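Several structures are given next for inspection.
You will see chain A twice below: alongside chain B first, and alongside chain C after that.
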Partner chain A sequence: MSMFAIASQTVGVGGAANVIFSNIPQNYTHLQIRVVGRGTTSFSPGLSAYFQINGDGTAANYAVHGLFGDGASSYASSAINAGTMSIQQALADSSAAANVFGTAIFDLLEYTSASKNKVAKIIGGCDRNGSGRAIIQSAVYFSTAPVTQIIVGTDGNLVEGSRIDLYGITASQTVGA
Partner chain B sequence: MGVYKLSTANGFKSGSDSYNSMLAGNSVYDVSAIEPIARFTSSGSTAVVEFAGIPQTYRDLMLVVYGRSVQSVSQTGLYVRPSSSVYWSGTQLYGDGSSPGSTRFSNNGSDCQVGNMVGNSATAGIFGSSVTHFLSYSNSSIKKIFITRSSTDTSGAGFTKLFVNSTNSTTNITNIVIYNDGGNNWMANSTFNLYGIRAAS
Partner chain C sequence: MPYAMVPIFTQTIGPAGGANFGFSNIPQIYDDLVFEISARTTATDTGNFTQMVTYLNKESYPASTHSYTQLEGNASVTYSGRESGTYIRIGYIPSALATSNTFGSIRVTIPNYTSPYFKQIITESVSENNSSSSESVKTSLISGLYRSNLPISSLWIDCGRTIAPSSTVSIYGIKKS
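This part shows the complex of A and B:
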């Protein structure tokens, strides 16, 4: 198994509403998206990183579950009719100190499958030296369609310097144990 | 290494084309995004592992540790200090087999915990594992952020942890120091692997 860089995007001056990966090659087995991001909305627990699949914004097609640590206690949350895959409170908001960003690593398994609904595992968080979150999240997209497009966004806009990288992961050519 | 193309399909060409590898320009060959940078295996007499002079040519770094301390405890902290002359902070989420929890530390100029490893009172042959991602480590506009999944399970005790850490500096990461609680030696065959992760060109 090996990992290959498919596309990299860095948000430029003025920020961006989102980053779009289109025409995703279908010759890998899994995908990974690595995010270093900060948004323009003010919400000190942190901002969500959203991952919309194939341009589908139908709320009922997504659900998420998360486990959070806020430095003092742990808690869980979930949402059905979520509208996108996401990891909540992972990215830095506009009230964070300068140059502070959050991160998310998003793994989408068997994205080309035409028989399986798509499930992602996501880790992420933002530490602000006295506050912040560490998060483990799962997300489901109720569709068996192969994934050809992913739109990545946050609450508000992504600020300049935010970067999102897409990788493809291949399976071994060896059959059997 | 220099690779020179001296011929065309119809014979020798005038002048030469220079490439940096035998596979350069080969549209079929795809370079892996993960590249090994350095590896260290403890002989049992090393307390502090340091990767220095880290190339600044990757997007991210990934550090994989499979370790056990010689200290006679069940669990020990794993500390990873990237760069120097900075303050570190961190937020962790963990489960200890009976309950979840979360703690944090801040403004620490000495230590930066990123997870747990196994100590020498655990059953022989059991090690702890961790993977730390240092994101945008060579970007001088971002305060450094790194995230670690660590796991220790000794059948009756253990932790699963997620740590999100940051520094108060935008200085690029050029060296990483790795040690455990009390600065005890790493057991023989503890391994430390550093990888570079490329971005798409």
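This part shows the complex of A and C:
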């Protein structure tokens, strides 16, 4: 795997509503976004990390499904007309102890394809020493358009210290057969 | 254009087996760490798989600063649990009772490992077996918390049993843009 750093944003003092990656280069095969995040909203199961594609907020253009563990039970979820790609309950909320951030890794394969809807695998979680979540989520953007912009946000604002990194991953041209 | 994923260390267990993987003097120049683990044990007393754990900043051992939330599945049921103590469970590897020559696969990601915040880690683990019995395999997704503001400069990985020859751990540094 050849992995290249494209862009990174670290939230500064005062927080930020979201992080925007625009003009995403089209010369990679896959994208990966790595999130370390905490939000300003209070919701103890944890906050979602949202990934809006190409500035499209049309609800019907997205669906998400997830598998969750909360330390006591495991459960699944689904949502159509979701309005965005997301991983739910992966980031720390404002009620979490100080210095606790959640994490998420968003993998989007073949993001430049003009013949495939865009499907992402997102893993993440936030352990809080007595509570927490471990999550694997799938998300689909029903569009064959190449991905040129991704907006990453959470419930409320992202707090100082949150960091979101964008990477491009290339594939070998060798068939190997 | 420099690679964002840089190999740092690789350890391979020799013909006599090994007690653990220990890493010291982890360079502090990257943003995230990723471990890729291919391993198996010679144990015969743990069923078809054995847990694998990590102790972060091993010079501080034992330090009850580790906790984790897990989402697991075997061949028939899912399960979620939570523990707190001196290590973070990172997954499961096949034991000597599992199909021969079959090694488990674990990926551990530690974002922001040098930061002054607590460290949230995420692990993905699969073990395989040529069996459909319910306890023949274990798949897991685990979020872990290391409650220390110290950067991570060393760690142990072990399973409490002898690690089989040819088991490997590769550590990579991830550098953001």
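Convention: the second predicted complex is superposed on the first by the 175 of 177 C-alpha atoms of A that agree within 3 Å, B and C clash if a C-alpha of one lies under 4 Å from a C-alpha of the other, contacts with A are read in each partner's own complex, and residues count from 1 in each chain.
Simple rule for what comes next: a contact is a pair of C-beta atoms (placed from the backbone, for glycine too) under 8 Å apart; a residue touches a chain by one contact, two chains touch by 3 or more.
The structure displayed is predicted, hence computed values, not measured ones.
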Joint occupancy of chain A by chain B and chain C, clash or fit: clash
Partner chain in contact with A:8 - chain B first, chain C second, else both or neither: both
Chain B versus chain C as contact partner of A:17, first or second or both or neither: neither
First, second, both or neither for A:171, with chain B first and chain C second: neither
Which of chain B and chain C A:130 touches, first, second, both or neither: both
Partner chain(s) touched by A:59 [first = chain B, second = chain C, both, neither]: neither
Which of chain B and chain C A:73 touches, first, second, both or neither: both
Chain A positions touched by chain B in one structure and by chain C in the second: 2-8, 34, 36, 67-74, 99-103, 105, 123-136, 161, 163, 165-167
Contact footprint of chain A on chain B as seen in their complex: 30-34, 59-60, 87, 89-94, 100-104, 106-107, 133, 135-136, 139, 141-143, 145, 147, 149, 162-166, 168, 170, 197-201
Touch list for chain A against partner chain B, complex: 2-8, 34, 36, 67-74, 97, 99-103, 105, 123-136, 161, 163, 165-167
Chain A contact footprint on chain C (complex, rising order): 1-5, 31-32, 67-73, 78-82, 84, 109, 111-112, 115-118, 120-122, 124, 141-145, 147, 149, 174-177
Touching residues (chain side chain A, partner chain C) in the complex: 1-8, 34, 36, 67-74, 99-103, 105, 123-136, 161, 163, 165-167
